[in-house]
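In the two complexes below, chain A is the common chain; its partner is chain B in one and chain C in the other.
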Partner chain A sequence: MGLKKVNTVLLLIGLMNIIVSAQNRKVNIPEGMVLISGGVYTPLYGAKKDSITVKVEPFYMDKYPVTNAQFLEFVKKNPKWQRSKMKNLFADKNYLSNWKSDSELGEKVLPNSPVTNISWFAAKAYCKYYKKRLPSVAEWELVAKASAAKPDGSQDPNYIKQILEWYSRPTPEKIPQIGLRGKNYWGVFDLHGLVWEWTSDFFSALVTGESRGDSGLERNLFCGSGSVNASDFKNYPAFMRFAFRSSLKANYATNNLGFRCVRDIK
Partner chain B sequence: MKKALIISISFSVILLSVVLYLLGGVKKVERQSIAEAKQTSDANKSCCTEKQSGEASENSVYQLESVWKTEAENKIVLNDLKGRKQIMAMIFTSCTYACPLIVNDMKKIEAQTKRNDVNFLLISIDPERDTPEVLMQYARNNKLDMKRWRLLTGDENSVSELAAVLGFKYKKEPDGSFSHSNIINLLNDKGEVAYQHFGLNQDVQDVLENINKL
Partner chain C sequence: MKTKIKIFNMLLTVFFFATLIGCSSESSDQVSGEEHAQLTQAPYVPQAIARKHATKVIIDLEVREVIKRLSDDVDYVFWTFGGDVPGSFMRVREGDLVEFHLHNHPLNKLPHNIDLHAVTGPGGGAASSFTAPGHTSIFSFTAKNPGLFVYHCATAPVGMHIANGMYGLILVEPKEGLPHVDREYYVMQGEFYTEGNYGEAGLQPFSMQKALTETPDYVVFNGSVGALVGDKSLKANVGESVRLYIGNGGPNLISSFHVIGEIFDLVYNEGGNNALQKNVQTTLVPAGGSSIVEFKVDVPGNFIMVDHSIFRAFNKGALGMISVNGADNKTIYSGKQKDELYNGNSSSANGVNPFTGELNKSNGKEEYISKYSTGDSKVDENLLKTAMAGADKSSSSGNLFNLGQTVYNMSCVACHQADGKGIANVFPPLTGSDWLKTHSKEEAIKNVIMGRTGELTVNNKVYNGIMPPQNIDDTQSAAVLTYVYKKFAGKDVSISADEVKKVRAGKK
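Right after this comes the complex of A and B.
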């Protein structure tokens, strides 16, 4: 009888080994990233009055915003992106202006804080170098609407309140380190609370379907006619992000704007 | 006999799983080293393409290295356009309302400027549908003088980078059309944005005045 028990145990161990090895080969999440299994994003403004949803395919997202130390590493490997070599078309004069020099961070920033004073082009180049890309607005917003407990916290008054409180505080002189606040439902940190983040298609922040006259776009944003089309009136933080994005230009480098990367699943 | 059979089966299962596990590990390492090798080769590539564009001015749009196709299927980079002034707009040819008005405004400028060092450029924001043939047809339909006009199409990344430097906003709608800014850009000989005319169906005198300043 004893021998039979031993046999059963051995058999079980063997089976478990098979399962583990099979899983090992299937799950290959890149280091420092988490899997976002996709979902549905409702843009704040659609072309039509009845809101249109965007299906977001699964992708990997960086757990944390890119830090000063990480960006310094990138700049060392890619001298084209040094502050002193920057051309105004790709980043304005504030590019990495909070660093001591091309190759030193200095006293004003912490190595483990999100890198800021970064232009869209610089953020894009960083992601590309690591075989990643910037998230689209839809991807970013899909992940950012998750609270700690739920994939969609956008109807949760406490969650909204928390974000608004951050928006109402001025940017501290020294941006705090990453990862000190809790992660959200997906396991992603610091989407809110430290810095704003670049998206690949930030320039898609327009209001109406057919734009008749360019200046009308911005003017209509918060006035009656513009917000008639809005899909979610309660989500003030989303309005603010929309307004912020629509004010950006690709070479802007400001002290409260950083980024993180995503990667496609192959 | 039965016991012996069970023992041998379970041992073979363990053996098999160990082999599978090891194989998986080996494959992972291989995959990693391939990825690393790819990364370094890509890094080398980017180092060498950068050198070509060293001379452009600080604000020149022509620093963008993207490759475009003309309506005549010729491949060009934006820097090939330097040396002449360009009146340029980003459009898509299946656009029914705004784009025809922009092209019309550009034609007004063409009719009123006596300068022959000014060219006209339409860049498509619709890589999927606006192939060179479609652009050629569009040029014919709009009776564009092909000695002065050129139409370009490029990939999504090229379009977004150009849009980004011009402050041109656009968004693809679910029906395949685009919402977009309406801007007529005046680029100088070096490819710097000298003037931007916003909106539709307005007086183009401001553009003409700015051409004459160049």
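Right after this comes the complex of A and C.
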């Protein structure tokens, strides 16, 4: 017991050092990324006393979603991820279908807009090439719940309303550029309002498709929409994200789904 | 023994085959052939099924998230089955094998699915049809039970998907078919929860708070305010039989469906295939449920469909029309035969004072003083004169204004609304009305005391309704017009009882 405590304390000190050093010596923060100092993520907003929480360790996250121009660069260096070479196992026929060709973006997309029509495999390969990885649901949700002013915006009705408004609208024909909206508390842009984003463990979302049945299946982790009441009505945006993720398969390339990467702190 | 057993076996065999033959002849309803279902958008219904056998029916339904009109100057992002609210009407036959293709358009933001109440199976197809944007799901079911069934989206958050318009009707015709009628229509109620209040212009986002407290700003038939009025009224001719397929998508409210001036000859309660009830005035349509009503139209005119939870009809949009053409039948309905003078105070011992609501206790000798004026009608005349002389507006003409407001709230508010904005396409607005600005006082007086019928253009919109003559006296008419001019038309005009009297005399 005593050893464990000591270990925990040591670990905490170690982590704090990392954070402090990362913050003091900015050189350590990879380019285009920001430090997320970790925290506790409660699956779906609105904690109940018996709900499960996930501890999220500190990590770096891309400030912006990966753009068409960046992905084009990656494809040039890694020709096996060209559209024409793609196997259905790793991405369906919609893979990069909004690009003009293997090596040209064309008229339908802006270079500085998030890349979409990307499968999970392709997103994963991109992150790996740059020595990064896809964020977990917990990591993504932890960062995404921050409003401009607070690490947890889930108590701010205006913040929720804005997200919900975006979720309610169809995707525009041409997806807007990154960075036009303000950054959130962590300095991260566009988690809401541009495109959906892949997560490494998207398939562990607990909506089965018959959302009303989920309330009985996974009551502790996922209180289905049937049990939404006034006190946790703010779950709506999270419900929609979970529903979206659970409708996917890893080879789906969808026109409003992009990604960004994260990197562990070493 | 052995022979006995043999005979017994033979008998068994014969019996077995007889049973088989019996079965196969009974199941003449085997699925044969294949066809694509014809889908229609409300208020239209696909043609009755002529087929006498079950078949494989392929239904293609596309989910689209679209921005459309909810009311005049008010837009909303509807999530739709087939591009409209309510969703496409589907018609199959009992015993049909339905192969359902649900397409989720690639530009949609969200995954969707469909729960058809006509399906026997977990989720009504919801889990099997869960579909990401840019994908199609296929599943099959046998339409075992005849009836009129609601279908809706059941993706989390379910309430929001339904509140945004994801519902429609599927009719499973009984094997023997439904009796012939001359006309069939599709009417579906649903309510909308917007951040802005009723009529607030612009693209209105969904209000989760209002949905949770079940306080919609819009309760409408067929997806928008005025979807079934004016040119878009349902049509029928005198003598025809009409069948309405009524659905209620909710998400929250139960509808008390009523057609003003019609009695339903037959009601298939809750959309079952047995017409159990005759001669019904108002039929309940549960949220996520339906009803089928039939009636013969006997006389011409406009018949107003309402949710008889009546504030929804006049203040939130739950109002549609059936326009019936043909010859009058004065025996069934005479129209107004006579307009006679009636003096409540002198002819009746127990009249009710319309302004105080108090019973007249005496036989007319006792005078009642209105709360809203300083004395009897003679005093009001004095007030009017003072007002016309341009005296202090805050006191005397204020009184005229107050009296006018009282009359307005009693006689006018039901149609022209408290804010004077009327009801889109049905009752013309008084607020900002160009008609009031460009027409004389006399014409306005005429409208109030004599009523008005036929086409009327207000603010570039054509109305074609009936305003009945108002049974109010000269003073009340003068007061209400003064109120309307000042409050709604922004015109500082005072009208006297004498002016009203002159117009009244002139009409004779």
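Heads up, the rule we're going with is that the second predicted complex is superposed on the first by the 207 of 266 C-alpha atoms of A that agree within 3 Å, B and C clash if a C-alpha of one lies under 4 Å from a C-alpha of the other, contacts with A are read in each partner's own complex, and residues count from 1 in each chain.
Everything that follows uses one rule, which is that contacts are C-beta pairs under 8 Å (C-beta built on N, C-alpha and C of every residue); 3 or more make two chains touch, one makes a residue touch a chain.
Values in this document were obtained by computation on a predicted structure and should not be read as measured data.
Enquirer: Would you check which partner chain A:28 touches, where first means chain B only, second means chain C only, and both and neither mean what they say?
Expert: After superposition on chain A, A:28 lies in contact with chain B alone.
Enquirer: Taking the superposition as given, does A:87 touch the first partner, chain B, the second, chain C, both, or neither?
Expert: So A:87 only meets chain B here.
Enquirer: More chain A residues touched by chain B or by chain C?
Expert: B
Enquirer: With both complexes superposed on chain A, which partner does A:67 reach: first (chain B), second (chain C), both or neither?
Expert: Neither chain B nor chain C is touched by A:67.
Enquirer: With the two structures laid over each other on chain A, which partner does A:242 touch: chain B (first), chain C (second), both, or neither?
Expert: second
Enquirer: Using the superposition on chain A described above, determine whether A:168 touches chain B (first), chain C (second), both, or neither.
Expert: Only chain C; A:168 stays clear of chain B.
Enquirer: Touch test for A:252: chain B only (first), chain C only (second), both, or neither?
Expert: second
Enquirer: Given the touch rule stated above, what does A:113 touch, chain B (first), chain C (second), both, or neither?
Expert: Neither partner.
Enquirer: In the overlay, answer first, second, both or neither for which of chain B and chain C A:201 touches.
Expert: first
Enquirer: Taking the two structures together, which residues of chain A meet both chain B and chain C?
Expert: 208-214, 246
Enquirer: Taking the complex as given, what residues does chain B use to touch chain A?
Expert: Residue list for chain B touching chain A: 3, 6-7, 9-11, 13-14, 16-18, 20-21, 23-25, 27-28, 31, 35, 38-39, 43, 46, 50, 58-61, 63-64, 97-98, 160-161, 163-165, 167-175, 179-183, 198-200.
Enquirer: Within the complex, which stretch of chain A touches chain C?
Expert: 94, 161, 164-165, 167-171, 173, 207-214, 224-226, 228, 230, 233, 235-236, 239-240, 242-244, 246-248, 252, 254-256
Enquirer: Inside the complex, what are the residues of chain A that reach chain B?
Expert: Within the complex, chain A contacts chain B at residues 3-4, 7, 10-11, 13-15, 17-18, 20-22, 24-25, 28, 47, 52, 77-78, 80, 87-90, 120-121, 129-131, 200-201, 203-206, 208-215, 217, 246, 249-251.
Enquirer: State the interface residues of chain C toward chain A in the complex, per the touch definition above.
Expert: Against chain A, chain C makes touches at 64-67, 77, 106-111, 113, 122-123, 126-128, 130-135, 154-160, 164, 195, 205-206, 208-209, 212.
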